[in-house]
Amino acid sequence: MYRQVLRSQWLALRLPVVLLAVLGFALPLLTVTYGGALENAPSETVAQWLFASQKIGVLIPGLALLVGLLLGIGTWAPDHAGKHVYALSLPVPRATYVLLRFAAGVTLVAAPVLALGVGSAVAVLSVKLPGGIHAYPMQLTLRFALACLVCFAIFFAISISTRRAALAVLGLLGGIVLADLVLAALSISGAASVSETVLYLLTNWPGPLAILMGRWALFDV
Amino acid sequence: MSKLIRSVVALSALGAGVQAASAQTPAGRDAGLRTLLARAESLAAGIAREDSVAREAQHRERLATRFDAGAVTVILPASVGDATGRRFVEGAARILDSAGVIPASFIATRIVVAYAADGVDSLVRAARLDKRVRIGADISAAPDTLADGLLAADVLAQSFRGTLDPEWRKWLPSDMGMGWNMRIEGAEAVRQLMAGETRVGALCLGGSAAGCRLWLGLDRGAMPYQAAEIRKLLTARWPGNRGVASQCVGGSDDACETLVRDSLLIPPIPPVPAGAASRGSFLRAVRRLHGDGALRVALADTAGPVGDRLARASHVSEDSLVTEWRSWLLTGGGQPRVTADLRDAVPAALAAALLLLAAARTGRWR
Amino acid sequence: MSNAIETRDLTYRAGSHFELRDVGLNVREGSIYGFLGPNGSGKTTTIRLLLGMLRPVRGTISVLGRRVPDDIARIMAHTGYVPERPHLYPYLTVEQAVRYHRAFYPDFDAAYADELQRSFAIPPAQKLAALSKGEMGKLHIVLVLAQRPRLLVLDEPTDGLDPVVRRDVLSALLDFCSQGTATVFISSHLVHELERICDWVGVLDGGKLVVELPMQGFKNGIKRIRVAHAPSLVGDTPFVVLGREMSGLEQVWVVRGWQAPMVQWFEGVGADVREVVDLDLEEGFVELLRSSRTSAF
């Protein structure tokens, strides 16, 4: 069952998977070419590597977001088109079917992750780093994998949710904005903004989006 | 101006009156003079009264008001206003508390007094603040200069700096690492390190602890510059070479080192290649990584070079200290490098599992 | 004999304009049950309720002896479903679709699927998106028949198909039924088609089950009778009066449950039966609907 679901998902999503894998492979190599192309600096200085690595590094969590979006939404697209009638007519418990789709989706997510790993390895092997700079291909790849997993899960859940659930989430967001407006209108000094607090909780450990934050760099101190 | 005009008019009137009186009979002259004198006196008295009123008003405006917050006491002109004065002193107390570098016991021995305040003496005596050291500060009454209390914190910091031993006074940046404007200073520190103007700077950037120590000027007596670097800096900054400077440019290495060591130039080549922002970032790194207490202990230490004092206070070697700082600076204030351990994996996996559970229970299929 | 499908007081609402009310289906095992009704009567909704795709407001549903939705996965393991609109993934080829479907049914008869594919001439390498309506319809039939199900649920399976394809599909169905004891539940508004294959019929109109009876009784029992001197008021009758209207000096009665000896009832009330005409299923269906919608006699 899993193999067939995976095959079906691959056939539906092979183009975005390949594109994302190409991007994943290219980003670490971009660090090397960008670093080498920086003007007014000798080819192998610490400053140059750090600068290039940081500049390209910020694109990597962006790629994780893109992986999650395309593959998370794309997983359910064929079932959405048929109003889920086929899926509902299959002799598997609903939860099992969701798990099959998720597992197949995660398997496809592995493609850009592996590509990033290979690209990082190639980038590291192709350069001689100056003293004081180290390469972190393994950590970068693993963190990217975790970030892709979280992003994929988010969009996977959003894609399968009902309109009522989506409205509930929108209502919650609206409530947060409203709370901020009320606090501002009442000029309650010292009261932290509700939206800032929520954002802080989400993006700082152990929040779910903390994995996307921080410093993303293949080459670092 | 009106006072001047009035004086001129009075004197003119007096003069005119005297002239007129001198043209009359002696008896008439005496009476006329007496009348003129009386009029002049009356005018002068009026002017004096007006002056007195104006001075009184000015004096009242400048009358001192005292504001306290924590260990910080400031005296400001009354014209500043209570609300602004309160914000000023509380802001200063907040900055100094959060910095934690200057002991509260020192701050309590100082009063920050605005130059423009009047009647300070009586206020100080009445409040029994006689034993405190007054620090005069050019604090204008414009509200925007008083918004955050930075001025008071700064003058207190300079006062504290003045009590430290010469080694510290020579090395410490003016903000003593308290980081009034941390983001700009952090970026400047990184720029200074990455500028690569000196060999020791490049070594430090490359990871050499010895290079960092030299670049930061932590070792007493060590020469952080190469003679060629001094020549280059000299030629760039002061083309009018003279005396020792000419000898240095002419090829004398000793002359070059003397220039730097004795700070003979105006403007000088700094004795330490690391600028104030970089040295400030080093102190901030020590505070962040080893606590405010470590810096306080180091500032109270008077034995050995600055690097030794900081290392002793932090309970690590000097090499470890500079390595930590380098990493802290280059990662934007201690941001962790990319990591992927259990601490990262567990929340991510949990989040994914919860989302999967939510998806499996979707109402779409109920 | 037990029922393959049984519902009690089945009620469902969608918005303010559509309602299924107290539908009580009894589909005997091994029967071919024709589920008739005009467009919009609720046939597809009823089928979706039977297969657990919708939740009723009230009522119970039992399919193959198991409760819906509690045991739906086990029910669907033995149920073949052909929906009103195609629901397979269009980016798959025919061969890939068969392999995908097969993965979910351990008892899938691959050889039978191949045989049916060949007989229907469905090109295996063709993408589903490129199949014609007829080919897609046939593919659906291939998939469900190869499952070897105990219950076949077909929602307007021949709708929009040309006569040749319709004939092929119905033949395959009959052939399948003749091989075993599967129950077939087939919904349609094409009355004449069901007439040939069904042995039971249920009629749904406006969300209500109007009638449920053996096909023979439905076909044979509805008559149009020309009556002279009929009384204006009618009391109890041995048959069900579906409608009456004037035709010149005579009346035309449409009745259900007619049997020949019932002529005596007319004689008893002083009326003359001039003619008894058999109605085909379609005419009978129309009269049935008409009578259920009016509160006539």
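Letters A, B and C mark the chains in the order given here, with residues in each chain numbered from 1 onward.
We take it that a residue touches a chain if its C-beta (ideal position, glycine included) is under 8 Å from a C-beta of that chain, and two chains touch if they have at least 3 such contacts.
Here the structure is a predicted model, which means the values were calculated and not measured.
Engineer: Which interface, named by its two chains, has the most contact pairs?
Structural biologist: If you count contacting C-beta pairs, the leading pair is A-B.
Engineer: Please identify the chain lying most centrally, where each chain is represented by the average of its Cα atoms.
Structural biologist: If one averages C-alpha positions chain by chain, the most central is A.
Engineer: Find the geometric centre of each of subunit A and subunit C from their Cα atoms only, then give the gap between the two centres in Å, rounded to an integer.
Structural biologist: 50
Engineer: In angstrom, rounded to a whole number, how far apart do the mean CA points of subunit A and subunit B lie?
Structural biologist: Centre-to-centre distance between subunit A and subunit B: 45 Å.
Engineer: With centres defined as the mean C-alpha position, give me the subunit B-subunit C separation in Å.
Structural biologist: Centre-to-centre distance between subunit B and subunit C: 91 Å.
Engineer: What residues in subunit A touch two or more of the other chains?
Structural biologist: Those would be 88.
Engineer: Considering the complex alone, what residue numbers of subunit A touch subunit C?
Structural biologist: Residue positions touching the partner: 1, 3-5, 7-8, 11-12, 78, 81-83, 85-86, 88-93, 96.
Engineer: Which residues of subunit A touch subunit B in their complex?
Structural biologist: Its residues touching subunit B are 45-47, 50, 57, 84, 88, 94-95, 98-99, 102, 130-133, 136, 138-143, 145-147, 149-150, 152-154, 156-157, 160-162, 164-165, 205-208, 210-211, 214-218, 220-221.
Engineer: Quick one: in the complex, what on subunit B touches subunit A?
Structural biologist: 194, 196, 202, 205-208, 326-327, 330-332, 335-340, 343-352, 355-356, 358-365
Engineer: Residues of subunit C touching subunit A in their complex?
Structural biologist: Counting only subunit C, the residues touching subunit A are 51-53, 73-77, 79, 81, 83, 85-92, 96, 99-100, 103-105.
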